[in-house]
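Below: a set of structures, written as structure tokens.
Next come two complexes, and both contain chain A; in the first it sits with chain B, in the second with chain C.
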Partner chain A sequence: MRRQAVLFGSFALVVLVAWEGVKFLGGVPWRFPNALGLGIDVFHDPPFRWAFANDLNLPHWFNILGVLGQPVQRGSDESLGTFLAGAAFYTWREAAIGFVVGALLGLVLATLFVHSRLAERAFVPYVVASQTIPIVALAPMIVYAFGPSVASVVIIATYLTFFPVTIAMIRGLRSPDPRALELMRSYASSAWDVYRKVRLPASLPYLFTALKIAATASIVGAIIGEGPGGIPDGLGRAIINFNQSYITSPEKLWGAILVSSLLGISFFAIIRLLESLTLRGRAAVPEL
Partner chain B sequence: MRQSAGRASPTTPDTVVRIAGVDKTFARDGVVVTTALSGIDLSISRGEFVSLIGPSGCGKSTLLRVIGDLVAPSAGSVEVNGKPAAQARRDRDYGMVFQAPVLFDWRSVEDNVKLPLELMGYDGPRRTARAKEMLDLVELGEFLKHHPYQLSGGMQQRVAIARALSFEPAILLMDEPFGALDEMTRERMNQEVLRIWEATGTTIVFVTHSIPEAVFLSSRVVVMSARPGRITDVIDIDLDRPRGVATREEPRYFQLVTAVREALRRGGMGDELAERMEDGSGASIDRTAAEGGIG
Partner chain C sequence: MHRTRFLALAATAGILITACTTGGGTSAAPTTASTAPSTPAGSAPPASQPAEAAAVRLQLQWAPQAQFAGYFAAVEQGYYDAAGIDLTIVPGGPDVIPQAAGSAADGPEFTISWVPKVLEARIGNPASDLVNIAQIFQRSGTLSVSWKESNITKPADFAGKKVGVWDFGNEFEVTAAAKKAGLEAGTDYEKVIQPFDMTLLLSKQIDVAEAMIYNEYAQVLEAANPETGQLYQPTDLNVINYNDEGTAMLQDAIFARASWLSEAGNEDIATNFLKASFQGWVYCRDQPADCIQYTVDQGSTLGAGHQAWMMNEINPLVWPAPNGIGIMDAAQWQQTVDVSIGAGIIKEAPPADAYRTDLAEAALAALADVDTKGESFVKGTVEVTAGGN
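Up next is the complex of A and B:
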């Protein structure tokens, strides 16, 4: 774990250095009056002018961090950082509800498919087809059907969550050695016993792999759903607003992206922690 | 139904397994693809150690599964303790051990042994006591809390044996249980399984493709041959018990090993002849069947 944290931190450092390196070579001229409080004026004129590296397309990362400490609106006493953290928590709650509902739905579907070839053949193609519909096309329809409400957002998050869980759990519930099933048959055990004593425990590594995908997907789903869902309190609306003011203050949108990805990583890390607690003692606990 | 060919010992009150006229064919789309077993008659008495030996494809594992009601025969009957095999399975008369230990890695060694006891409604203290007793029997009493992957292959297989014996089944079915182990471990496990057999008095049916293993362990060796799978010989093993390292050096042991080998060769020769004959006429029948002509 510590090793992982060190690697994660080192890589972040490399990215930040490369980021500023690109701006140093091809950004717009820098001027720091009174740099580091030393009373020295620093001026740097990069040798190239690359459009992707100008301050609109690639703001200085310290300016992004800086804007998080500034008021969210002129005259407001709430900082952008606090505002985004609150929005992130709000979005996370929607995503988490969708995540739980979607995971349960996926589990139920996979259980059905594993016990009925007929159901599997009939419905799995539709489960797959459901995921080929772009969420941006589907989200407004869901909002239209269920009204501009948190419920719509939760449904969209559910929609993105159930799929990886269904697919992984079909595999996971079928993962026991055929001889393990023969063994259970020799004990004259019921289908329910086979399910709870063998299939379900054997499927847990598959379940957690799917839940880690679903955790991040549910957050994307919630953020996308908040737009047409008309939810003012989440990251989705913040991202739309900051998009509109991108020309004047691009750092705000970058800040919202930063917070969104931190939210995704945190949710992922929570599932990862649950995984390592649940699978403790097994032969192969995966690294990620 | 076919009459007993007289190979099987006569039925007595002590008969645990009675197999009469068993055929097993595997069909695809109604066409017989393989005849795994043909005309099998066999009786096994209480407390016997019977090995099934033969080349791969002779149906010895299928026969074991037919006895255990894991595979249904196409014809004939299987009785265990005077009941149909299906009833015997519902009565939990079978302990199974496979070539792989098939232990569950989310359960400790102790909890693996307890699994059948949980399913069979033993209460907590009895489960704990039985698991301890069985693991002591296979000399793994110190490894209760270990997880399977922390044990060697031979130790894992001993856990599987402890699990199979935990609920005192009438008959222990073992499908090449030591086939994946190295020769040294295998000989040790042979000694171990004899000790357990003598301590518990369980009836054992043991599938193997090792002649020395079959001779060393068994009271009877059932020799099978392939295509179709059938019993070609039954050899009584009259070596003294208890058997040990010295047994493997007795002249009688070598005589019996030779006898089993020759019985296998006789079965195998017939097999090769049959194959050569099939090359002429049999192949064309197969082709017709594949085109959907026969069914």
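Up next is the complex of A and C:
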């Protein structure tokens, strides 16, 4: 765990140094009057001009962190960082509802498919096809159908969540040792008992692998859905507005992206924690 | 052993569910116009006061910004309440096509959209029955912006250049003006579909960019030239204004479905809605600072400086309104239709009932003691703020 943190930190440091190194060589002139409040005016004219390294395409990362500490709006007491944290929590709640509903839906579908070859053959292609429809095309339709509301956003998050759970649980529910299933049959166990005592416990590692994918997908779904859904309080609207004013303050959009990814990572970590609590003491499963 | 794990799993799932449902995650989404009514200054009695407030929705063309300040002001000043209108404002955004949302049978009763887009929707399949009931913007806000050194001052100068336009029916004022100057896209100039911002102009990947005077044009002025660290100045730019080129098309107007208007009592609701909306726009003409604040209050992610610019540029699109706010200028309508036909958006002129002025006239009649023409309107000045903050 500690080693992991050190590795993660070192890699982040390398990225940040490389980031500024590229800007130092091929960015636009660095102008920092009174840098760090030390009364020193920093000016540096990079020898090259690489388009990808200008302040529009690649703002200084310390400016991105800096803008998070500035007021979200002129004269506001709230900083951009606090505002985005609140928006992230709002979006997380939408995503979490979609996540729970989607996970249950995936579980029900997988259970159905595992017990009925007919249903599996008939419906799994549709389940797969459902995920080939671009969500940007589908989101406005869902909003037309269910109205611009949180409900539409939750449905979009659900839509992105149920798929990995369904597919993984079809595998997972079929994963028990055949001898265990034969033993249960020799006891004349009911299908429910087999499901409850053998199939479900055996499927848990698969379930959590799918839930970790679904957790991040549900965040993406909620953010996308907030656009057509007209939700003013989440990360979606912040991203729309910052996207529109990107040329004047690209750091704000980068800040919103940073917070969005932190949200996805946090949700992932929560599921990871639940996994380690639930599967404690079981044989190690492949990491994800 | 397994049982306890399942209990743990069930418990954590339960916690998640409660976390989701007890929070505000299920609170109503759209901006609801539920502010306390303040005394509307100088408001005339409603045209006909219904016993109960009529619940209606207004679909905005985009996410809240000063382009819609008049409606926010009418909410904040209590004009809708006084007119017996219980208004819910439905924000637009990417992936929201306002004229499509407003055409749906159970869609918002009122829709803000651009005239040519609705003309196109009216011949779509299914055909929209949206009717223009009030032409709020008397003038177009579309510009083509280029760097001074490119020396592009009129559409004829597009020859041999990379000309940026927006997609989705926003490009016709530009392409029609080029056509008028004898230039065809593809052969005489290169038409480049640009994103809804000015990045391609700033990086000089295109020579000319389409910009709204109240939005993207300001964004260029709010951006710093990386070589000097100073903001770009209007003197760095050449601007073509399509109101001067004769290919301007009518933009923000209020639309309603003919089917909805035909139901008993709904014309009165529409008249009352227009009356309050007009009052909102009059208020923004006279008190722009308040309207900037009302707009900024719509969302913390809107830059106050940018919204101040936008309010200052929106007012001259609305005012002066020679026939009274909301009344269609027949010549401008004809020009919009002609350009639409020339661009192939529509095949023939729309029927005469594609717009009506009777509801707006009734609303104006109820505002007899208010200056609804703004003949003495003079555009104000605002300071450009770096980053639009």
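Basically, the second predicted complex is superposed on the first by the 277 of 288 C-alpha atoms of A that agree within 3 Å, B and C clash if a C-alpha of one lies under 4 Å from a C-alpha of the other, contacts with A are read in each partner's own complex, and residues count from 1 in each chain.
Please note the rule applied: a contact is a pair of C-beta atoms (placed from the backbone, for glycine too) under 8 Å apart; a residue touches a chain by one contact, two chains touch by 3 or more.
Quantities reported herein were computed from a predicted structural model and do not represent experimental measurements.
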item: Room on chain A for both chain B and chain C (clash or fit); value: fit
item: Partner chain in contact with A:Asp177 - chain B first, chain C second, else both or neither; value: first
item: First (chain B), second (chain C), both or neither touched by A:Pro140; value: second
item: Contacts of A:Pro148 with chain B and chain C, given as first, second, both or neither; value: second
item: Contacts of A:Gly75 with chain B and chain C, given as first, second, both or neither; value: second
item: Partner chain in contact with A:Leu38 - chain B first, chain C second, else both or neither; value: neither
item: First, second, both or neither for A:Phe242, with chain B first and chain C second; value: second
item: Touching partner for A:Leu118 - first (chain B), second (chain C), both, neither; value: neither
item: First (chain B), second (chain C), both or neither touched by A:Gly229; value: second
item: First (chain B), second (chain C), both or neither touched by A:Tyr187; value: first
item: Dominant contact partner of chain A by residue count, chain C or chain B; value: C
item: Per-pair minimum CA distance [chain C against chain B, superposed on A] in Å; value: 6
item: Contacts on chain A seen with chain B and repeated with chain C across the two complexes; value: 197, 201, 204, 279
item: Chain A-touching residues of chain C, taken from the complex the two chains share; value: 2, 5, 8-9, 12-13, 16-17, 19-21, 23-31, 63-64, 90-97, 100-101, 104, 196-199, 202-203, 215, 219-220, 222-223, 226-227, 229, 296, 298-306, 385-389
item: Residue ranges of chain A in contact with chain C within the complex; value: 28-29, 31, 51, 54-56, 72-76, 78, 83, 90, 93-94, 96-97, 99-100, 136, 139-140, 143-144, 148-150, 153, 197, 201, 204, 227-232, 237-238, 240-249, 252, 274, 277-280
item: Touching residues on chain A, where the partner in the complex is chain B; value: 177, 179-180, 182-189, 193, 197-198, 201-202, 204, 279, 281-283
item: Chain A contact footprint on chain B (complex, rising order); value: 65, 68, 70, 89-92, 94-96, 98, 100, 102, 104-106, 108, 115-116, 118-120, 147-149, 173
